[in-house]
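Shared chain: subunit A. Partners: subunit B in the first complex, subunit C in the second.
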Partner chain A sequence: MDPDIIVDVIGETCPVPLVEMRKAVLKAEKGKVIEVKGTHPASKQEIPMAVDSLGLKLLKTEESDGIWHIYIRR
Partner chain B sequence: MKMTIVVHSGDLDKVMSALILGNGILAMGGDVTLYFTFWGLQRLVRGRFSKAPLSKMHFMGLGKWMMVQRMKKNRVAEPERLMEDFKALGGRVIACEMTMELMGLSKDQMNDQWIDHYGAVGSYVKETENADNTLFI
Partner chain C sequence: MQDRIYMDNSATSQPDPQVVKAMLPYFIEQYAVASSQFSHTPGIQAREGLDQAREIITKKLNAEQESVIFTSGGTESNNLALKGTAWAHQGKKNHLVISKIVHNSVLHSAQWLEKQGFDITYIDVDEQGFIDPDHIREAITNQTILVSVQHANHEVGTIQPVQEIARICQDADTLFHIDACRSFTMLDLNLQTLPADLVSITGHLIHGPKGVGALYIRPGTKIQKWQHGGYHEFDKRAGTENVAGIVGFGKSVELAQQKHVDYIRGLQKQLMDGLIQEIKGTVINGPLDPDKRHPGNVNVSFSRVEGESVVLHLDMKGISVITGSACFSRSLEPSYVMMAMGFSHERAHGSIRFTLSRFNQESEIGRVIRSCNDVVESLRKISPLQ
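Moving on to the complex of A and B:
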C-alpha cells in the first residue's frame, strides 16, 4: 500500500503518536492515505479507536520487527 | 465530546496530566478548554512555564531534575511541546483575570500567543455549559 503521507512516531510515547496522527489528518486532503508507524504499544490499540471517533476509514494494521504500521484513509 | 479542565495546580506533573488529557481529546476529535487559575496561571507567565515544581518528591529541585532526566530517557514529550501541540490541534486556553489582579500580573507578562481569552468564572461556566465533562486539576 502506497501512502500519501507517512507519520513516523517510532520511539515516541503517549500522547505523541495520537497527536501526530491527528495533525496529519488535519493537513491531508480527503481521500489521501496516511501511514502511521510506531512502537508505543498502547497507541497501536488507540490510533484505531481515534480513527473510529474521527469517522475515518482504517485500511490496515500490520506489525513486523516490533514496529506497527497503521493505514488510514482521510 | 467537549471537555473543560480547570488547571488550578501549577505543579509540573499535574499541568502535564491536564495537557496530555487535553491533547488526547483533541486528537480523537473532541473540543477542550483549559481554564488556568491560581497556581496553574503561573505557568502562563512568560519564562515560567518550565519552572514548575513536582507535586511530590520535588526535594528542592533534585527530584524534579531526576524526573526530567527519566522523562528524556523515556522520550516523554516536554511540557512546552505538549502546550504547542495543544494549540496546534485547536485547544482553547482561558487565563483567569482575577488571579492576574491578585498576583499583580499584566497581560504583557503573559505568554499571550497561547491565550485565547482573559476571563473569570463566568467564562468557565459559559464554556462548561455545553461540555460533556469537566475536571479540576
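Moving on to the complex of A and C:
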C-alpha cells in the first residue's frame, strides 16, 4: 500500500504518536492515505480507537520486526 | 462528527455575539483614540464608549469612581498589582505573602520580585485547595506589603475565604490583592463590603474579548506605575486604550446575570454526579462542597489512565477539555496546583478539568459522560497502570 503521508513515530511513546497522527489527519485532504509507523505498544491500540472516534477508515494494521504500521484513509 | 462541545471556559470563553456587535463600530467608525473633551468629535465618542464601560464595571464591583484602570488582561493586572505595590514600598517594606496555588502570573511575578531582593512567603493549602486564614495571619510581619490570593482557583475551582483574609489584612495594615479573573460576575464581589485594595479581572473569561482586563485600585493605595509613556488610565498605565476591547468587556459585564450562574451550577452538579456514578475509580479534585467551588468547575481524576490520552481521545470525539498532566503543560511538570494540594503524580496525571459556561447545553452533559466512560474504559484495557 502506497501512503500519501507517512508519520514516523518510531521510538516515541504516548501521547506523541496520537498527537502526530491527529496533526497529519487534520492536514491531509479527504481520501488521502496516511501511514503511521511506530513501536510503542499502547499507541498501536490507541490509534485505531482514535480513527473510529474521528469517523475515518482504518485500512490495515501490520507489524514486523517490532515496528507496527497503521494505514488510515482520511 | 457531532457538534463540538467546548468545556474549557477557564482557559477562555466564547465571546457573546452581542459583545462582538457592540465592539464592531469601534473598529469601523469610532476608531479614534479616546481623547479628552477638548479633542475632535471621534475622539470624544471613543472616550464616551470607554467611560461607559468603566462605569459598568465599576458599578458591578460597587467600587469608587476612577478606581478601575484598564489593562491588557488578567496577567498584566496581576503583574501590576504585585510589582507596582512592591516597588512603591521599596526601601520601607520588603515582604509579600501569596498562596501556593495562585495563577502563574502572580506566582512568577512573586518569584521575580524574590530575585530583586523581596521576601516572599508561600502559603500552603489543604487537600481541597483551601488556605487557612490563620496561616495568613501568622505570615504577616511589619515588613509585609501585600497579601495576594486567588478568589476562585483556575484548576480546581476552590473559593478562598476572601472576606476573612481581607479583615486580617485590614487589621494588620497590609494591602490585600484578589485575583478575581475566574470569579468576576460569577461570585459576589462587592468592594463596599469586601475591603480588598486591589482586584484583577479580565474580559475573555466572561464571554468578552481577549486582550483586555482591568485592575481595581482602592483610592489612596500606593502603586508604582509599571508601563511608562503617556498619562492614560489616571496616570497608572501608559498606552493607547484598546477601546473596542474595553467596550466589549463592558458589554460582557452588562450581559452577566445571576440566572446564568444558577444554570451553570445545575450543569456542574449533573456532570459531577454523572461522572462519579457512571465511571468507577473517579475522584473529585477540589472542594466537595459545591458552595465552596466555582460554579463552572468540575475537576476529576480517573484512576489508571493518563490525562493527556483522555483529552486527546475526547478531542477526537469533539469534546474540548484539559488535563493537569505533565505532558500537556508547556513546563512539562505536573500541575503545581495539584502538587501543592498534596496529590500523587498519578492523580495529577489523570486529572481532567471541565469548565462550563452559559453556552453549554444540558444535552451536552450526557454526551460528555458517555464519551468519558467509553474513553476511560478503552484506555484502561490497554493501560500499563494497575
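Note that in this section the second predicted complex is superposed on the first by the 74 of 74 C-alpha atoms of A that agree within 3 Å, B and C clash if a C-alpha of one lies under 4 Å from a C-alpha of the other, contacts with A are read in each partner's own complex, and residues count from 1 in each chain.
Convention: contacts are C-beta pairs under 8 Å (C-beta built on N, C-alpha and C of every residue); 3 or more make two chains touch, one makes a residue touch a chain.
Since the model is a prediction, treat every value here as computed from it, not as a measurement.
Colleague: Residues of subunit A touched: more by subunit B or subunit C?
Modeller: Looking at subunit A, the partner in contact with more of its residues is B.
Colleague: What is the contact status of A:72 with respect to subunit B (first) and subunit C (second): first, second, both, or neither?
Modeller: Neither partner.
Colleague: Taking the superposition on A as described, I'd like to know which of subunit B and subunit C A:23 touches: first, second, both or neither.
Modeller: First partner only.
Colleague: Using the touch definition from the top, say if A:12 reaches subunit B (first), subunit C (second), both or neither.
Modeller: Once the two structures are laid over each other on A, A:12 reaches subunit B alone.
Colleague: Once the structures are superposed on A, label A:45 by its partner contacts, choosing first (subunit B), second (subunit C), both or neither.
Modeller: In the superposed model, A:45 contacts subunit C only, not subunit B.
Colleague: If we overlay the two complexes on their shared chain A, which of subunit B and subunit C does A:53 touch? Say first, second, both or neither.
Modeller: A:53: touches subunit B and subunit C.
Colleague: A:33 contacts which: subunit B (first), subunit C (second), both, neither?
Modeller: In the superposition, A:33 touches no partner, neither subunit B nor subunit C.
Colleague: Considering only the contact definition stated at the top, list the common interface residues of subunit A for subunit B and subunit C.
Modeller: The overlap between the subunit B and subunit C interfaces on subunit A comprises residues 14-15, 18-19, 22, 49-50, 53-55.
Colleague: Sort out for me which residues of subunit A touch subunit C in the complex.
Modeller: It comes out as residues 14-15, 18-19, 22, 42, 45-46, 49-50, 53-55.
Colleague: Report the residues of subunit B in contact with subunit A in the complex, numbered from low to high.
Modeller: It comes out as residues 20, 23-24, 26-29, 74-77, 82, 85, 88-89.
Colleague: Show which residues of subunit C lie in contact with subunit A when the two form their complex.
Modeller: 1, 306, 308-309, 312-313, 315-317, 327, 378-379, 381-384
Colleague: Please name which positions on subunit A make contact with subunit B in the complex.
Modeller: 11-16, 18-19, 21-23, 26, 49-50, 53-55
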